[in-house]
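Structures for review follow.
First chain A sits with chain B, and in the next complex the same chain sits with chain C.
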Partner chain A sequence: MILRRLRNWAVTLLPILVGLLLGLFLVAIAGSASGFSPSSVLQSLWEGAFGDQFAIAETLVRSIPVLMTGLGVAVCFRAGLWNIGAEGQLIIGGLSATALLLQIPMPTGLALLSGSLAGAVGGSLWALPAALLKLRSGINEVIVTLLLNFVAAGLLGFLVTGPLMEQEGSLPQTDPLPETARWTLLLLPTRLHLGLFFALLLALVLHFVMEKTVIGLDWKAYGASPESAKTLGIREDRVIWSAFLVGGALAGIGGAMEVMGATYRLYEKWSPGYGYSGIVAALVARLNAAALIPSSLLLGALTAGGLGIQRTLGLPPTLTWVIQACLLLPITLRLRPKG
Partner chain B sequence: MAVSPVVQMFGIEKRFGEVQALKGVDLEVREREVHALLGENGAGKTTLMRILAGELGPDKGTVTINGQVVNRFSPSEAQKRGVGFVAQNFRLVPTLTVEENLSLSLPTKALCERAKRLAQELGWARGWDDEVASLSLGERQRLEIARVLAKEPQILILDEPTASLSPLEVEGFFSLLKGPAFDGMSVVFITHRLGEVAQVADRVTILRQGQKVGTFSGSTPIDRLAEMMVGPIEVRTNEQNRMKEPGQLLLVVKGLWVRSDRGTWAVEEAHLTVQEGEIVGIAGVDGNGQRELLEALWGIRPLQKGEVWLDGQPIQPHPSLWWTKGVAFLPPEPTRSLTFLSWSLKENALVRIRNRLSFLLDRRSASSLAEQWRSTFSIQADRIDRKVEELSGGNRQRWGIAMAMGLPARLLLLANPTQGLDVAGAAFVRRLILQKRDDGCGILLVSSDLDEVLDLSDRVFVISRGRLHRTEAKTAQEVGLLMGGVTVH
Partner chain C sequence: MQLLSDLLQSSIRLASPVMLVALGETLLERVGLLNIGTEGTMLVGAFVSVWAMVTTKNSLLAVLSGIGAGCVWGFLFGIFAVLLRAEQVIVGAGLNFLALGITGGLLRSLQGRELALVVPLLPTYPPLDSNFLTYCAFLLAPLATWFLYRLRWGIVLRACGESPETMVSLGYKVRSIRFGVTLVAGSLMGLGGVALALGESGTFIEGMTAGQGFIALAMVVLGRWNPFFVALGCWGFGWLRAIAANLQVVLPPVPYHLILIIPYLGALAVLIVAGRRSRSPSALAQPF
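Our next item is the complex of A and B:
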């Protein structure tokens, strides 16, 4: 029994380890092509992620939006709906929260709550067209969600240079959120904030929903076999609506958290691709909400480490996307078409 | 006739985890013979054939094809040696068209053309651009056989080719098997219908719980064969001892019109009633609108015209409504559209009881239900956390029946319930159907197995090209004519 457990763990973790090592190897090679020794590249990557108190806090902060978008992605993927629009849903969530909180001054508790809610609503709205078009016209959700990512990024760019641009100064960014609309910092002087625990709580709640409730079962059953799910009385339209709404809401809350906890304002290229890292994290966690906690930590560390190699070596932080892609490689190789 | 063996398998052993599927089996297939392979559900027939076809490697034992020992087991290797395999669970891609499926596995245009010609010889009557999902099981069977035949195999393996065919189609298939398309081939042929052995097989090998019982002449009497498979059993069910007269009207179907996936009329103006405690049978060759009729009744296909009434009230059919009203459905392909292949038996049971739950799942009830079904329906699985896809073909069917019939119901809609079941399994299911009827359950039995319909039903309809005809005919011959579209007055 224990042996079987151990073997299961090994089978689960091995592909992740292989992908990680392959990715690190490739990044080291890329670094040496630019004249840095492989060891210095790996070292600054490590120090960016775990080197000191700041680095660790940065890793944690960046894993929050990854976790939230990952949860949203996991819900949809479990239902067999390929929602790759977490990035757009995150951006719109951040935008909705910012717009609301900049307009209406509120006391702290209320501000955090309504900011998160605005994020959830924004994210859901951004996922809605995919559900609607899939149900009405059978249009593939991949295309719709992907397109909406670009629309969201464009919208953000337009708003921060236009209607939402800061009042004083002329940078393409919004005004900062008022003090009352910010998550409490936990470990001054780092950026670590209380939103981390809120995100962890949501992950556990979603895990409960997935494993213990009828709606979670419906999502998984529809994802496993839409025909059987329909025959057994699961309503296709409800599954598609609810999965996209919940998935969008989670990513949207992630966006609200990022602006209320870490950046306090929006600007162009505000998200370094958290929504895409969320997809990687969700797949690495095999769409399990609880397993998403460690996997988004890994992705958060890679994002923070990428900033490390930029700061100390001047290499582009996007280099760490090579590692993210490598993490997916063994997983996608294992996904065989259903017979 | 030459009698040199083309295939020799010696001492084949195969294990799946803790399950020992084959325990040292020998098989010899001679040149140009039709060799039947018999055995209960889970006896190891499919596993043995998958080894011959190179899909699995044996743990122990040797396989010799045309005098050469096989030491690398892969499908392409086996094909090179002339083995063609028509699997029990077809390998067609349902979302692609017929044409696309052919070109997927046949590399050249010439091969595709040959496959099409063969399909036509086998009685193909559909378009090449139709989606495979819209084909009936019998049609898929034909396509699969044509696809494999196109590669001109020397040894052809057919895993339950007649399971989804009606008696007339079986006759046609057998005359082909003896005809020029299969000339010079050795055929290994798996079936649960013992009568077919005498009709076509030169020799027959019987497996029992992963071991070989023996190889016999094809003319061995049926009851001898059955006895060697499982020991003595009663094969036929007895319809006479009915307990109660039919009661209240349960289901009324009024003037139902349903479209097929292609948009043509699949069901035209169907009228039908089912009372408590009666079995209403619908006999027909697969693909005459049975699937569409059942799907429309079940609420997973739009009904264009007509009404459905339950308990004297018109209702809008929907699966969750039916389940909560105590109506259950065994769809035509339960492994694809009732069960979750990649899930454990336990999790499958959990989905089956979801309509009783409001918010939280009840895993404990699901587990005990799965345990209960496993023993009641004699499902060959050592644990309930085995996945459905780990079961043998017949055991998957049994699991589907358990999902449909394992909980109390007032009305049952059943499609081909005994398809792919061994003799004992089929007898069990027929007894269960009769027992449900005696308990007052109304049953709509749709089957391409004529004898089954005639044996069990109180009233019989024949479906032909989407039209239902009431018939008083009592013999398989008369009804068989009706199924072919000939009207007997």
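Our next item is the complex of A and C:
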């Protein structure tokens, strides 16, 4: 019994460990191609993620949007729907929340609530075309969600240089959100904010929904085999609509939380690819909402570490995508599609 | 009139990278494989060709190494998707991430202290004033259609994407055929990256493909998996980009970012219109 459990753990963790080590190895090599010793690259990666109080806080802050997009991705992937659009849904969520909170002044509690709601609505709207086109015309959701990511990024660029650009000054960014529309900071002077606990709560709620409720079971059944799910009387349209809307809403809330908790304003290239890291996190967690908590922490650490190597060595943070890819690829082997 | 001929010329030039990538993806999807790693494969092709151009100053070597890099990415896709039967969408996504990270990370070592790497563009030839990669793209499209629909091997290839089980029972080595096609397709996608870097921009910038690999995916659906029509769709996309680029000159008030999203919105719009009646290869993205 204990042995079997140990074996299960090993089977789960081994590909992650192998991927991580391979990724770190490749990054160290790439760093040495730019003239830095492998150990200095790994050290600044580590210090960026866990070096001091600031670094740890930064890791936590950056794992929040990864967790939220990861939850959204996990819901859709569970249902066998390849939603690659969490990045776009996150951006639109952030945009909706910012647009609302800059227009209408609200007291703190109401502002946080309505900002999150606006994010959820925006994210859902951005996921809606994928569901609609898949159901109506049988168009592959992968292409639709991918293309919408680029539309969202362009829209963000347009709004922060045009309609939403700051009133004073001429930088391509929005005005900062009012104090009342920000999550409480927990550990001054770091950026750690109360939104972290909101995200954790949502992860636990999602875990319950995905494992213990009828709709969660429907997603799972449809993802495992659409044909047998339909035979069992599960309605295909309901599965597809609910998965995309819930998935989009979660990513959108993530965007709202990032702007209300960490950046306070939007600018071009505001998201360093949280939505894509969310995909990696969701798969590392094997689409389990509770397991997403540690896995998004890992991805958050990589994001923070990437900024570390940029700060101390001047290497591009893009380099950490090598590690994320190495984490992702071994997992695909356990993930056999339905056939 | 001058504007029209300018537009025609730039549409041809701007279409060729996407066209090469889309042709590769068409072949791949015809044998039943869905590779969304188009963007990353393009990116490594572009990066390696610029690298080779900087180090050897030889354009033929540069083009060949770009093709080789694409082929390596195709090989990786083949290992995971064909040999190990992994989920194709996720493998493709992983290969995109890997390409983005490696090219972005190595760019610095290549650049040294320079702000931008500038390499000479490939020479152009009349009558279209285009480089040979563009001619390649426009010639390959009808050739590929002829191959797929008229030649025995083309029909075998398509059958592998429709009913691999039948092909196995007929004695064909479906998985070897599929693996072979991933190499060819990867090379074409790498060539698309070369066309972008050495034919269009003359430099490498982190993430320079900017979603063009994904546009190619949409074009495959739009062209209903027929290389000729896929290429026509890509040419249409070239027109869209050419017009968008000129819009910026003619109508300066149109914000830059809105012009940037025109191609993506355009691709989505044509998907909505054309996707309705299209039928993908039956065994697409199914493991075998």
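Criterion: the second predicted complex is superposed on the first by the 334 of 339 C-alpha atoms of A that agree within 3 Å, B and C clash if a C-alpha of one lies under 4 Å from a C-alpha of the other, contacts with A are read in each partner's own complex, and residues count from 1 in each chain.
By our rule, a residue touches a chain if its C-beta (ideal position, glycine included) is under 8 Å from a C-beta of that chain, and two chains touch if they have at least 3 such contacts.
Every value quoted in this text rests on a predicted model; they were computed, and no experiment measured them.
When the two complexes are overlaid on chain A, chain B and chain C occupy overlapping space and clash. Once chain A of one complex is fitted onto chain A of the other, the partner contacts of A:218 are limited to chain B, with no touch recorded for chain C.
Comparing chain B with chain C, the partner in contact with more residues of chain A is C.
By the document's definition of touching, neither partner reaches A:176: not chain B, not chain C. When the two structures are aligned on the shared chain, A:148 is found in touch with chain C, with no touch to chain B.
Contacts of A:157 after superposition: chain C is touched, whereas chain B is not reached.
In the superposition on chain A, contact of A:230 is made with chain B only, not with chain C. Contacts of A:272 after superposition on the shared chain: neither chain B nor chain C is touched.
Stretch 166-174 is the one of chain C that runs into chain B, the other listed stretches 40-48, 94-102, 112-120 or 166-174 having no clashing C-alpha atoms. Of the residues of chain A, those at positions 339 touch chain B in one of the two structures and chain C in the other.
Across the complex, chain A is touched by residues 89, 91, 298, 300, 318-320, 322-324, 329, 331, 336-343, 350-352, 354-355, 357-361 of chain B. Residue ranges of chain C in contact with chain A, taken from their complex: 34, 36, 80, 84-91, 93-95, 97-98, 100-102, 104-109, 206-207, 210-211, 214-215, 217-218, 221, 255-258, 260-261, 264-265, 267-268, 271-272, 275-276, 280, 285-288. Against chain B, the residues of chain A that register as touching in their complex are 211-214, 216-218, 221, 224-225, 227-235, 338-339. Here chain A touches chain C in the complex through residues 26-27, 30-31, 33-35, 82, 84, 129, 133, 136-140, 142-144, 146-151, 154-155, 157-158, 161-162, 276, 279-280, 283, 314-316, 318-326, 328-329, 331-333, 335-337, 339, going by the rule given at the top.
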